[in-house]
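For reference, the structure I am asking about is given below.
Every chain is named by a letter (A, B, C, D, E and F) in the order it is written, and numbering of its residues begins at 1.
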């Protein structure tokens, strides 16, 4: 099993969620994060003081999937999260040793 | 070493924390996340507008542990996070290549 | 490729970010998290009620890097996040199977 | 000069200003999405300043001085408040107090409009629009109703601003919402607690609005306060039970909206009806505005972000007409339908219709002209990222 | 009619309404957990509307008209405010103003009770409970103290509501907290900044409450304002230093709670004591209420969520009794213990005891009856998920 | 006694108290970082209590009674408010009202100082500092300007507190900011919405401040209200356009700051100038304070956290001097430069200079003394973790 972690623009979340649903992926976890990268932040002025805001709001999506869906999931996220501008984000893939569904105690792919 | 990531209901956090403590696990990291899964969200109405709230508040717990405690930790989380209803959440296990304690520079299992 | 996850004190974030920049690392993702560990929390009193606050505010930094920078990155984070007091935090290293840049579709090290 | 009346009018002026800053600012600020809060409240505050300046320069003069086209608008004899001295009186109170009291009505009318175009209007366009609108729409309507112009002389009753303030801003808001078009995305109200504070300040401030419109500390003011309280409470409960009855939960936003609808509807009637009339006005306004803001809006499909039309336009109209029904001679000297005077309802209808048409046409034309100077609408990117950051360079953390 | 007095009473009415919406709503809203904010403030707002409607229908009549059981309760001659016209007077002010002024006291009394049952009471049960309670408890007690009933005729002193408002709501809250039982989980105050706003508005509004209870703009009102200010400040500092002295940090919630305790305690005394008396009343109230809300509560184990009993019940009792000690003939025409009149303290004690018993018994019975209609308490699941979402379908984001 | 005047002064007192709690508390609370909100607002609230207590004990007496050193300070004849009874008058109003009205000015002056030392001052040191400062600085300056002392007898004009309140707190703040030194880290304003509420309450409350300073409900009060409104609005727009013109975005904090600058600057002038003078005072104050708070501060490098000096110190000075220019005989009985009276400007200059020197020196000395008792500054660790948690044991969640 794989854990696909995507850091994307917040406004793309619904898009991605729906497209993943269509793929038969019915679970995911989202976190508000702040990203730093090529996309530049901005400067805010409050009276005489300048504050550089380097971190921009992003959303991290985590999706556990069975190995065989990996390519499709990456493809889907790539397409539905893309706006074509700097800051669209990244997809990270890591190996999952084990998945457990707490409610039922199921393990492995059927727990996803 | 393993990283155990559990996505659970926020009201179960104290439970899990205490039970892990009893196991001799004295460190963990919690994050407020929003989950989407079998447990259904709800619809909010504000005057004439409907807003579907698909994501529900969950808490993600991350615990780094030495390999040998893995089974016990999974068992413990499963029991103490369980309410038996949809949305109880998942446990993910991933391999940790390395752990470093910043304060002392210790590495490996003793850094946990 | 590796994913380095550091859980550090919030006030050290700018430090770490700048030092990583100097290393040529120009992307990272930060999350507000709450940590529980050796550093003790505190008790708050509101009228007659006591509330133990066990979880302390921490920031989680996630940085995807090519394998060869691993040692340098760990070293850098360790130094720039350190205050020498309890609660300085941990660094976790995990293997990244794949990285994709959403905007361009690039994969692997050049996507970082 | 009567010191008691003056004391009450000084206080009323404070109360009505409180309705806009922070009242309307908070009511609106709580209902928009998080990324547009600063924008929403900055608009309100800017308008408060801008309308004050214009009122000082020429607005008061256009509304309340005698002019050559007195039927429609005042003249220029009070430019820069010339002639308003320490000793000038307006009835039993100093004219200076009257100037500021009336100014606070102009301010809130303009501020309310913003609700219809929230989350998408360009700040500079709004600034220019309001400046023109106050002079070409508000001042004349105000003159016609309260400054001795057309509607006053016909005998239209508007105690505290059902037409001047509420229908006026409601229609202007509707037209502006339509001209600007739909938001790209509607956002859930970010923090209704702010709207609670805003509504509460509106309620309390409205005593200055309605009881203050008696321009005296007497039984008329007292009765206006009493009927305001009754209509507001009734309308709040009416909306809540309507919502509940239609299978939704009794929501905070619902009861707040109902209370505002009641406040709006009792405004034109406040000096003319008694407690029982107020009860019915509140009841009807609560239900009708509920319907307008939840059903009618969806049916017609315009995007009036914060229901300026559904509450102020509709509530003001309901109130203006019901004034013609429930007015009691013993209270305000004018009889309504229930006391056998059919004519008043007809007069009320004329007042409403005139205001709707006048405001509608002028608002539309002004918007089109402003659009030639600077785009009315924020860019798509600004809207997506939020007006706070993009138009004001600030954020709520 | 006196225009100056009327001006002040119109203003006082605004101030007292401000105490409830948004005052109490914010005070309470800031102290509950995040998932119950909407619920808490919706309750306050709903009560404001509901009590208004009932007051209009029958409440005012029960409290202030003459009836056949005049010792305990008024009659029905003012049903639907019949007889309250533009020209009716109540002393030197229009009766309409008196009606609304008194109404705002009924509103805040009912609203305060919610603090004791916050985070767990069922919305419909609360609605029904308050409706009955206002008619069976508030109106009679109000009549007995201010409407010419039993306690008034005995000579019990209660200038602005120590018994009518504070002991009344404090005991009702205590009984309700006990009947409902403990919350499943106590939550940390979510945002004390809201409580700061609430307390500030209570403080300022209390000038309407206390100085307004002089029902005139004169030296009596001025002295009531002055002693209110002194007692409040002293009690705030007393609580803060008590806390600090007992090894805790000087907390915001502490100083706010102290200030409220001071406001409560000076309420019955405001027209009867001088600055020095006020200082002692504040000092004693600050310390006693600190003890009641932090030690006594834990010892007895009831879950009065926001300390309605510990502050209003206890503070009101302290104030009522101390009035019997510090009252000065030169100020309010009544002498207290320090001026050698032992009888007054005894009378005060009777007033307190009577109110406690009356309210305690009736509140208990009403709750039991309501429970037959609809469960008093929200379900366990609603409580866990938060009343905001489950009872009102809304959330603070 | 005049009931109308009394009604207005009771109201004004409420309004001025509202300026501090919650006004200043919110203005400041919104501008600090999240971890110092509780600290900031607790300071304001504590000061409100503390100054009240001191005023009761000796402050009022020092400011307003006759003493042996009457040129500089009052005496002790009103210790514990001895002599202030129900029937004592001060002009046409009860003395009790005058005592509280004046107290609210002392409170806000002290509360404003905290803005300069926000996010780093030790709570106990602040408490002691304010206690001494009120007695050694505020009371004497107040006496010299309004209590019949030195500056009054010279003929310095200060209608509502340009010197007594604003220059006074501005200079004290500047000195304190310098003595305490820079914060370790400046934080972005956490929630400007709070500052909007605060500023709005300041604006509305300022009508009590300025129009209340007429100590009557008459044309003078009305004119003070009118000029206050004009100057405030103009200054708000002036700051906004200055900022916009210099290439920044028109920010909420900018327009709020401008409005406050206008309020400050019109304060000494409010009873002496007309609408046109007010316009110019607002215009100049808005621009000069913009410059002082954004350019001058950075040039000189002191860390006045929330610009107490840049807005109150500078704005108060601008206003005091411009009063000498724009004063009109027909309005307040005193002529300014524009009416050919050069002497007044010189007198105003003396008033300003005297206050700056007196306050500057005393504030410095008091701070040094307090530092011997307890450290002025919170520890580095407290500052890093936030004063909320470390000094008050509470947090905003």
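Things to note:
In this section, a residue touches a chain if its C-beta (ideal position, glycine included) is under 8 Å from a C-beta of that chain, and two chains touch if they have at least 3 such contacts.
Predicted model, so just to flag it, every value in this text is computed and none were measured.
Shared contact partners of chain C and chain D, listed by label, are A, B, E, F. Counting the residue numbers used at the interface between chain A and chain B, under half appear in both copies, so the two copies meet with largely different residues.
When the interfaces B-E and B-D are ranked by C-beta pairs in contact, the top one is B-D. Taking each chain's centre as the average of its CA atoms, chain C and chain F sit 45 Å apart. For the pair chain A and chain F, the distance between mean C-alpha positions equals 51 Å. Between chain B and chain C the centroid-to-centroid distance comes to 18 Å (mean Cα coordinates, whole Å).
In chain A, 31, 44-46, 94-95 are the positions where the chain touches two or more neighbouring chains simultaneously. In chain F, the residues that reach two or more other chains under the touch definition are 2-5, 7-8, 11, 188-189, 197, 217, 248-249, 251, 253, 393-394. Pairwise chain contacts in this structure: A-B, A-C, A-D, A-F, B-C, B-D, B-E, C-E, C-F, D-E, D-F, E-F. Those residues of chain B lying in contact with chain E across their complex are 11, 42, 44-46. Those residues of chain E whose C-beta lies close enough to touch chain C in the complex are 31, 186, 188-189, 248-249, 251, 253-254, 257, 293-295, 297-298, 307, 310. Against chain F, the residues of chain E that register as touching in their complex are 2-5, 7-8, 11, 15, 34, 188-193, 196-197, 199-201, 203-204, 207-208, 211, 216-223, 225-226, 229-230, 232-234, 236-237, 240, 248-253, 255-256, 259, 274-276, 279, 330-331. Those residues of chain D that touch chain F in the shared complex are 1-8, 10-11, 13-14, 17-18, 21-22, 25-26, 29, 37-38, 41-42, 45-46, 48-50, 52-53, 56, 80-81, 84-89, 93-97, 99-100, 103, 123, 194, 197, 217, 391-394, 396-397. Those residues of chain A that touch chain B in the shared complex are 3, 17, 26-31, 64, 94-103, 105, 111-112.
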